[in-house]
Amino acid sequence: MGVELFYPEFEVVRNYDRCIACRVCERQCANEVHSLLESKGIMISDESKCVNCQRCVALCPTRALKIVKSNCTLRENANWQNDTIREIYKQAQSGGILLSSMGNPKPLPVYWDKILINASQVTNPPIDPLREPMETRVFLGKKPERVQRDETGALKCELPPQLELTMPIMFSAMSYGSLSYNAHASLARAAEKLGILYNTGEGGLHEDFLRYGKNTIVQVASGRFGVHEGYLRSGAAIEIKMGQGAKPGIGGHLPGTKIVGDVSRTRMIPEGTDAISPAPHHDIYSIEDLRQLVFSLKEATEYQKPVIVKVAAVHNIAAIASGIARSGADIIAIDGFRGGTGAAPTRIRDNVGIPIELALAAVDQRLRDEGIRNSISLVVGGSIRNASDVVKAIALGADAVYIATAGLIALGCHLCRTCQTGRCNWGIATQRPDLVRRLNPDIGCERLVNLLTAWQHEIMEMMGGMGINSIEALRGNRLMLRGIGLTGKELEILGIAHAGE
Amino acid sequence: MNPYLIIGNGVAAAGCIEGIRSVDPDDAITVVSAEKHPVYSRPLISYYLEGKTDLNRMQYRSEDFYETNCCTVIPGQAEEIDPVAGSVRLSDGTTLPYRKLCLATGSSPFVPPMAGLDGVRKKSCFMTVDDALLLESYVTKQSDALIIGAGLIGLKCAEGLRDRANSITVCDLADHVLSSILDGDSAAIVQRHLEANGLRFRLGDSVRQFSGSVATLQSGETIPFDVLVLAVGVRANTALLRSIGGEVGRGIVVNARMETSIPDIFAAGDCTEGFEMTSGQNRVVAILPNAYRQGFAAGVNMAGGDAAFTKNIPMNSIGLFGLHIMTAGSYTGAPTEERTETTLKRFYTDAGLLKGFILVGHTERAGIYTSLIREQTPLDTIDFEAMKKIASTSYFSSDVRRKKFGGVV
Amino acid sequence: MRKEGEIRIPSGCAIAAMISKSGDRMCGERIVASMRPMHDRSNGLGGGFAGYGIYPEYRDFYAFHLFFDSRSTRKECEALLKEQFEVVKGELIPIRKTAAITDEPIIWRYFVAPLPSVLRDLQLDADELVVRTVMKINTSLNGAYVFSSGKNMGTFKAVGYPEDVGAFYRLDEYEGYCWTAHGRYPTNTPGWWGGAHPFTLLDCSVVHNGEISSYDANRRFIEMFGYKCTLQTDTEVITYILDYLMRVQKLTAEEAAQIIAAPFWSTIARVSDPAQKKQLQYLRTMFSSLLITGPFSIVLGFNGGLMALNDRLKLRSMVVGEKADRVYIASEEAAIRVMEPDVDTIWSPSGGEPVVVRVTGGQADGR
Amino acid sequence: MKRVYVNEQWCLGCHLCEYYCAFANSGLSDMATALKGTRIVPRIHVEGDNSVSFAVSCRHCKDPICMQSCIAGAIYREDGVVRIRKEKCVGCLTCILVCPYGSLTPDETGIAQKCELCLQNGSGAPACVRGCPNRAIVYEEREDAV
């Protein structure tokens, strides 16, 4: 088609009074938006290529640039909105499934924002975390039902394998391949410094990161990329990925262009081949199959590593979680529908799955109703955005949370949601060496450590306000939460009272 | 104990003083100076004429240099060394004892015999600040200047005089300018530039006779002039050492420690000849950077330290009316070049090493080329083809770069 | 206003206890007297006592103390009891009418023993059957409330100031080797008899001063094991936790203390004895949801002893005094001075440091 | 002493260091005013290509050959920092001929200039270091060459 039916989504606004034609924007834009018009000595832009990643804006030394959403719009229509029409144009042109990245951007309810946290007044003193110990350490893993004593009457103090975290936050699975080497290095180093864990995702483990094994969760996904015995043994825990919040019921597809060099070697597939993770694990068509895989993995690692089963939050998540809890798994990870992704079909991302808040509340209550909550730890992810989200998740019943998008944002991600192109200007979701280099892991690690250190302080402040000085006393402590503007049904599912009650 | 004694008060002497002081902060130093000025930068005398500097800024070191370094400067001319007694006698009869002696006597203009030269009233060499002051007093806007010698000194003098004089003619027996550092081919570029800037040349010719203010050349041409500058060449001042049987060639022969053949006597600067790495022979490399560095090495060794002056190569950076000419090393081996009408880059390589180069109109990061010569970098370890186009450390391996840039050097 | 069971009720309070290590029985009057100087720590909305060793003649029977709304409820409850228990005696608990205590419900006690056939059928031990029966009555029999269910011990509580409650129940007529007492200062209940302290399950009784911030975390955890926190009070959940840890998991009082007032991780890290360190780590990890945070001082009574415990930051006052074989515990030293003006020693235990006293003779059935 | 070091692994070749350098030494308070319409002559420059790039500025050698070679005595060391007395320099560029790192350049007037660690221009820390978006340029104390 010779006619572009849609005006570019963004406009590059350049203040020519400030532009010194240093060409940083040109050098830093992998989408080739900017160029120098040599004849006039001025910078010009091709806005149709702009994805609004803000790299040029951030690096422009004279702040001569801004990217704005184009106000060239179609006639207003609440039903046929601009984005809807744009998608139709795209599909009419391409004939393909629409692809997107990162989490669901639709204006669906964010329950975290409708939950408020309690604080102590008079009858119970708040605790000042600057003066008193404030504990955020958690142990993830199965807890036996009964204590045992030996013949002398002493307690037998052995527990099944536990993951110790200095705070109830982990970096969730993002594969090497979808992420750059330096992004992975940043995550691994930060996890080590923070005393938490990061997750390899389904792309295998680069040998350079073996040294972070104590802080690594190795993932086994349906494509089984990079999975071998040494891999299983090299982490602190093994995660079986059954699903992902951004695309429940869908496998993964890392295009061959990203399968280069070390990525190919780490995944153990030839260079340039597409890495396709099937929708199901073809050896798991039922819960009893899952149990077999859980125990296969435990056998392979001599029962030294906790096994995590990660599922997407779907409608009957409570029953699924109950099944997993009885499958031998040590930890269940639930990924809500706002969770991020390097690439997902847009329709799936935006329409499939349920919010993590509701899934968490339902699962935690279900496991308690069945009396098995202590036999499995519960980790939730899917758009945990800040420390108060963490506090609310813990109070709803999670043992810990998984964060990913927040971590990427700390690394510089501007949520332009075009990871699938492989041209990430921030060096995060790309394999192009010149782009990968833009993420210095020294900085990346430092920023991640800063972020979570700040969150930890905030968590402590909020805990102290509630008069709680250890995170386990917050876990499942739903009395500390109140809903605001929620229906009776929503409150019932969340298991919390309304503000004012 | 007797003081350290330095004969001469140029840059080599300054280097020697600083070299001594880097080892021995206390003991006395005596400097015998034939000129009445504190140490100044000789090559700056042309810039003085040009108005780019002044007598004050030409000082090589600060005003309190001798005082802070505890040096006594004695004006005078050294006449004779008594190596047995360890003393030097000056022309006024003073005898100065020394513990260690450094000869930093420099060089003197060489003026070949020319008929009628004595009859020229306004004439001068161009070596010292006094020469420059004398010339300044001679030259007016109406003066026609004749400069004998199209070498570095003659041409810098021409540059300095151009805006002060009416016309400048440069005459040299050699058939091209800067014959000590350029070949005819490269010199032609320079000559064109100089001519475009108003200089006139009479090359491959010399003065047969002066008759008052007219010079008659061998070719028969006559050139009237008002001021005559004699810049034919220089010779190392070696007499002091030669007279006591020290080893002398074109200059005082020194080793890398700057020791002469006579015990306790060192030498540094333009008066010396030492091992030059690109030719593999002893040479006089009378350039200011060497003078300082040799002086410094001599000073360190005089004070009991251990220093060597090595990696000695000839090199010159000269700007003439905005055109920069940089040369280094020896022009041996195979040349490769890139040139334009007004610029030239030529490299001489031999046995996988860079031996020398000529750059006309190029200066960017030229020191990297110089270092290739001085460090004897095997050219197959770098991308020399790319390097020839533009000097850059990016053509070294990243390992080498890490060494160069990763720590304190 | 809603009462206990309809909404979570935190409260501030006064507590006291006395125990004879040798099992000598002491008249209840002294413990009643100890509450007088702490009058201002209560607000008249609840007071109560637990006595151990008070029913020696029925020591093998579970002593159920119940409040009833009405005679018909009592009949209904008695019928229910008789389905599973042999009731050897049922009677009104003797009271002394005073102006300070009004609106009393019907207050009965029963001495019962589980029917062996029932235990066999249900495959339960006697204690567990009692627990289930108590839970059942308290959750599903409207108008009936079991407020004491242990052997050779009994709880006496009412809405009113504790010293008046003591007089009302004629505690001067009882003798026990261990007594605990409670004066209540709840902040959002009109006061309800069942909501007064001590709170008991079997012989496990708890008096508590404080407001725990971990309440719902503790509640939702303990409810996995058949407990129903119907009153939504701290005391209730603490009692269930201690019952679960000590009766179900068979942990000692000290071990239970290491769970509910677990040392900070930093403290555990400094423990030099590796076995001790490992145990602390184990208990804290295994029962992390039973850590109690926020201010509390509690006295746990059980057959054969008691344990006094503060939260690990010691956010509530609690002092301990000793004289010969007697140990006294109270929110304030003044209360101890009433019970024993001439104590040998008196001190304030650190936060999280349990004071466990065990009885070695007399009426005690040691745990 | 603290020096400027470049880790070429992290250099993006964005050339921002050059602009921050030129701005810092412009004496002006606004970068657009200082640099708009000019050809900058920075004291640090980026070499290399898209695959390897790195910024080069003065190493502040312990034994600076530029200083030893300066025919005007214009180059000196002060507390380890190699500096140029611009009023003495005559622009012969001998320093450029001898510096093995290519660290010196002529300024707009032909006088030699070099990095003086922003000690005198009011920037505090070297502007190239502060402006580097990827911490490829650092200002730190190091021992000997690696």
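So that you can tell them apart, the chains are marked A, B, C and D in the order they are listed, and the count of residues begins at 1 in each.
Just so we're on the same page, a contact is a pair of C-beta atoms (placed from the backbone, for glycine too) under 8 Å apart; a residue touches a chain by one contact, two chains touch by 3 or more.
It should be emphasised that the depicted structure is a prediction, and the values quoted were computed from it without experimental measurement.
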item	value
Chains touching both subunit C and subunit D	A
Central chain of the complex, centres being mean CA coordinates	A
More contacts between chains, A-D or B-D	B-D
Distance from the mean Cα position of subunit C to that of subunit B, given in whole angstrom	104
Subunit B and subunit D, separation of their C-alpha mean positions in angstrom	28
Rounded Å distance, subunit A centre to subunit D centre (Cα mean)	43
Rounded Å distance between subunit A and subunit B, as computed from the means of their C-alpha atoms	69
Inter-chain touch pairs (all)	A-C, A-D, B-D
Interface residues, subunit C side, partner subunit A - complex	8, 10-12, 187, 210-218, 220-221, 223-225, 249-251, 255, 262, 264-266, 275, 278-279, 281-283, 285-289, 291-295, 312-313, 315
Residues on subunit A engaged by subunit D in the complex (per definition of touch)	17-20, 22-24, 27-28, 58-59, 61-62, 64, 433-434, 437-440, 442-443
In the complex with subunit B, residue positions of subunit D that touch it	3, 5-6, 8, 47-49, 52-54, 56, 59, 61-62, 65, 68-69, 71-73, 87-88, 90-102, 104-106, 110, 142-146
Residue numbers on subunit A that touch subunit C, as the complex places them	120, 123-125, 127, 132-133, 135, 137-139, 143-144, 146-147, 149, 154-155, 157-159, 162, 368, 371-374, 397, 466-470, 472-480
Footprint of subunit D on subunit B - complex, ascending	11, 15, 41, 43-44, 47, 52-53, 57-61, 288-289, 292-293, 296, 315-319, 322, 324, 326, 328, 363-368, 370-371, 374-375, 391-394, 398, 401-409
